[in-house]
Amino acid sequence: MGELSHLNAAGEVHMVDISNRLSSCRTATAEGFIGMAPELVELVIAGKTKKGDVLAVARVAAIQAAKRTWELIPLCHPIALTGIEVAINPAEDGAGLRIEVVASCTGTTGVEMEALTAVQVGLLTLYDMVKALDPAMTISGVRVLSKEGGRHGAWRHPSLND
Amino acid sequence: MGELSHLNAAGEVHMVDISNRLSSCRTATAEGFIGMAPELVELVIAGKTKKGDVLAVARVAAIQAAKRTWELIPLCHPIALTGIEVAINPAEDGAGLRIEVVASCTGTTGVEMEALTAVQVGLLTLYDMVKALDPAMTISGVRVLSKEGGRHGAWRHPSLND
Amino acid sequence: MGELSHLNAAGEVHMVDISNRLSSCRTATAEGFIGMAPELVELVIAGKTKKGDVLAVARVAAIQAAKRTWELIPLCHPIALTGIEVAINPAEDGAGLRIEVVASCTGTTGVEMEALTAVQVGLLTLYDMVKALDPAMTISGVRVLSKEGGRHGAWRHPSLND
Amino acid sequence: MGELSHLNAAGEVHMVDISNRLSSCRTATAEGFIGMAPELVELVIAGKTKKGDVLAVARVAAIQAAKRTWELIPLCHPIALTGIEVAINPAEDGAGLRIEVVASCTGTTGVEMEALTAVQVGLLTLYDMVKALDPAMTISGVRVLSKEGGRHGAWRHPSLND
Amino acid sequence: MGELSHLNAAGEVHMVDISNRLSSCRTATAEGFIGMAPELVELVIAGKTKKGDVLAVARVAAIQAAKRTWELIPLCHPIALTGIEVAINPAEDGAGLRIEVVASCTGTTGVEMEALTAVQVGLLTLYDMVKALDPAMTISGVRVLSKEGGRHGAWRHPSLND
Amino acid sequence: MGELSHLNAAGEVHMVDISNRLSSCRTATAEGFIGMAPELVELVIAGKTKKGDVLAVARVAAIQAAKRTWELIPLCHPIALTGIEVAINPAEDGAGLRIEVVASCTGTTGVEMEALTAVQVGLLTLYDMVKALDPAMTISGVRVLSKEGGRHGAWRHPSLND
């Protein structure tokens, strides 16, 4: 098993030096879920046509959080994101909502933390807006689905490779 | 089923007015998990005695994120947290880490969003520090366990009431 | 004519001490306009039913900016806003959009800067989303309409008192 | 009439992908006004020689806000500004102050939002420092005067082209 | 010798719970120095009458940093400062500048970190503006001079008690 | 003697335009001290093996502050740091702690302000965590040790050149 990249030989944290890496186009996709009763899912999704704001607020929160990832995650490098897409849809089984985020940048480090942060804050924002109706909702399945670009090339979550 | 509290009659978001609520001591407890191979759990936890920094970084990130919850979640009120405790331990089955956060404040609105935000950012920080060894880790089980204080009194997650 | 309150006797800025003022409920209302062709107004407002997101994004941006007023305006005190309402509607003459914001807090200083900041950032956000279609739009008429609470009691903009 | 660039086909906001645009030197100039009695203008401008701080505070606030535009305007890309100039002078008719901001960067997206944000926050800061003497002041005429660089080349506000 | 207050029994950081402390008026005064050649001191101080901006920029930076102390120092509680005074003057020996900051709030925790943070960022800002002329300047003597209010009552730096 | 680079001909601050400078790898090293009784030094350093968190918290705070330097120092340009190393050790005489920070980036402006800001906030964080045991601690000797890269090439603090 390898070593933790954010620790130096003495076990102390540092922000890994990326000065000498080549810049390239990078993309990362992440997803996450929040479970809720199907009636609640309907109430939120209904906003898409009738009420407008609920999903938009979560999308905006996710986009803004992605841009501030380096302020939230101590050892993340500052990154100038070039694009963020946030999709929110009912989960396949209808018992919750699924967020999928695609983040992209041109730079020397990956953007999976930005995609994950957008997912997490988007889910928190949904929780916040629905919690008065059901405070017991649970967030789950937050993970990176795929990455492209950079030193290591394309990567897909092992569960998707079958 | 009720209405979404953050929407006015026209379906537009607003930040709910809490001027007239009584101030009281409030506490919220939240938890969350990140799955990883037992060897990785050992590597991270080992830091507790030998390397020091890994868990401390996640704790600091969680504490700082809790304080900035109102910047991240659009409709959250600014809150002056009076205390935050972050505990990180191996999950019961040894295949991951569990974060538990207790947030407290004296004020007119609950602190469960602050506790949840701390959990989410703590988990993201752990993911960030371990991802070079396993990018497929999944975050799950993020939820509020209990709340105390405020208009509605004590609340426990239904799954804990048996 | 009086003196500038943010300057001390030597003409140096300071953040005025408000420790000894009484806390009270305060409200401020502000408004502002962005001019655009009636067809553009229709395109944006249409979002209300069909597209949802345009006005919601501006509302969220206004709410979030209000909460961060003290970070933006150097001599503003940190304030814990208790409520923010943002309304966006076509201007009376149909040639633009009007934002009206009501901000409220319980504290020792007024909230008119918070209401104005929300108006300004809401208008900037509308400009940003429509600028590809008309970069020549102009923002105007940004002012405080009324204030309530605090040492000086209620105030209305002189132009409204007739 | 075109489409709103920040909405995808479903009418949902996203942060437009600019990965494939060419980087170039870009500049944008914006202006704005705050109306006040000529005696107030004198009082503020007098600071230039005698009191120093008033205009400096507004300039600093404008510069700092320009750097944080991407945090305030939800769909703005993070930009590393390379220069900001802020000029504050009496309006031509003597009944107010005029701010002009020139923002510049080397990148793949324009800087007019940064110039406008600087103007808006500079004006808000002037309002804040003078409001004790006249809370009825109105902000107006906030607009982009010109842009240079980028895909579309130079642009001047139509009203200047005569 | 006592224990470190920010560590729990397991040696893990937490943000100390201050929910049960009594609220009171608190003040803290801190100072700090930056050494520079007497000619440089003159150049900077000259700004007071002729150029205006240099000292004003440092004062504004100090005030703004004080308000954001809780974002910078991980275990500091969020505090709503009620007043900040920043004085910048030549050091007694003429070979540098001295900053003195008085911070005040009404609350349950002290404000010495806010006063110190203002001093530190004020000094950094002076360094930044003068560094082209002398990059070898050194910052020193940053300390708390006195505190008033709170559980422990008034405190003065031992060196001042003779 | 030269002129202050952040002032234009009228003595007004601006953010110096760096659009036309060549991008290069840049590094800066800075240091600073906080004095404390040798027993306190032992208590803090002991954390390295037994308690873990104290030094880690200061390191994280220093790293995060470095990334936000441009928000704190009004005329600093936004910089995307590529690496930060923070070392905390007992001072040579045993009566305090010494922080040394190396900051690096690829860009058109130096990173000494980032290194200094990390040192200052790291020292403030140490003060915060130890202040309950000794509020009289003094911070001193904060300076840039060396710079590499950029228009002016390598620079070492004059006191190191003997």
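Labels A, B, C, D, E and F are assigned to the chains in the order they are written; within every chain, residues are numbered from 1.
In this text, a residue touches a chain if its C-beta (ideal position, glycine included) is under 8 Å from a C-beta of that chain, and two chains touch if they have at least 3 such contacts.
Treat the numbers as computed from the prediction; the structure is a model and nothing was measured.
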Any chain in contact with chain E as well as chain F: B, D
Remotest chain, chain C as reference, centres from CA atoms: F
Copy pair chain A, chain F: interface residue numbering same or different (half cut): different
Where chain A and chain C are represented by their mean Cα positions, the distance between them in whole Å: 32
Inter-centroid spacing, chain F versus chain C (mean Cα positions, whole Å): 38
Per-residue multi-chain contacts in chain F, two or more chains: 12-13, 47, 50-53, 55-57, 59-61, 64, 68, 74-75, 79-80
Those chain pairs that satisfy the touch definition: A-B, A-C, A-D, A-F, B-C, B-E, B-F, C-D, C-E, D-E, D-F, E-F
Complex interface listing, chain D residues touching chain A: 8, 12-19, 70-71, 74-75, 77-80, 108
Residues on chain C engaged by chain D in the complex (per definition of touch): 1-2, 4-7, 11-13, 32, 39-40, 43-44, 47, 50-54, 57, 60-61, 64-65, 68, 72-76, 112-113, 116-117, 120-121, 123-125, 127-133, 135-144, 147, 155, 157-159
Touching residues on chain F, where the partner in the complex is chain B: 47-53, 55-57, 59-61, 64
Residues of chain F that touch chain A when the two form their complex: 25, 55-56, 59-60, 63-64, 67-68, 79-87, 104-106
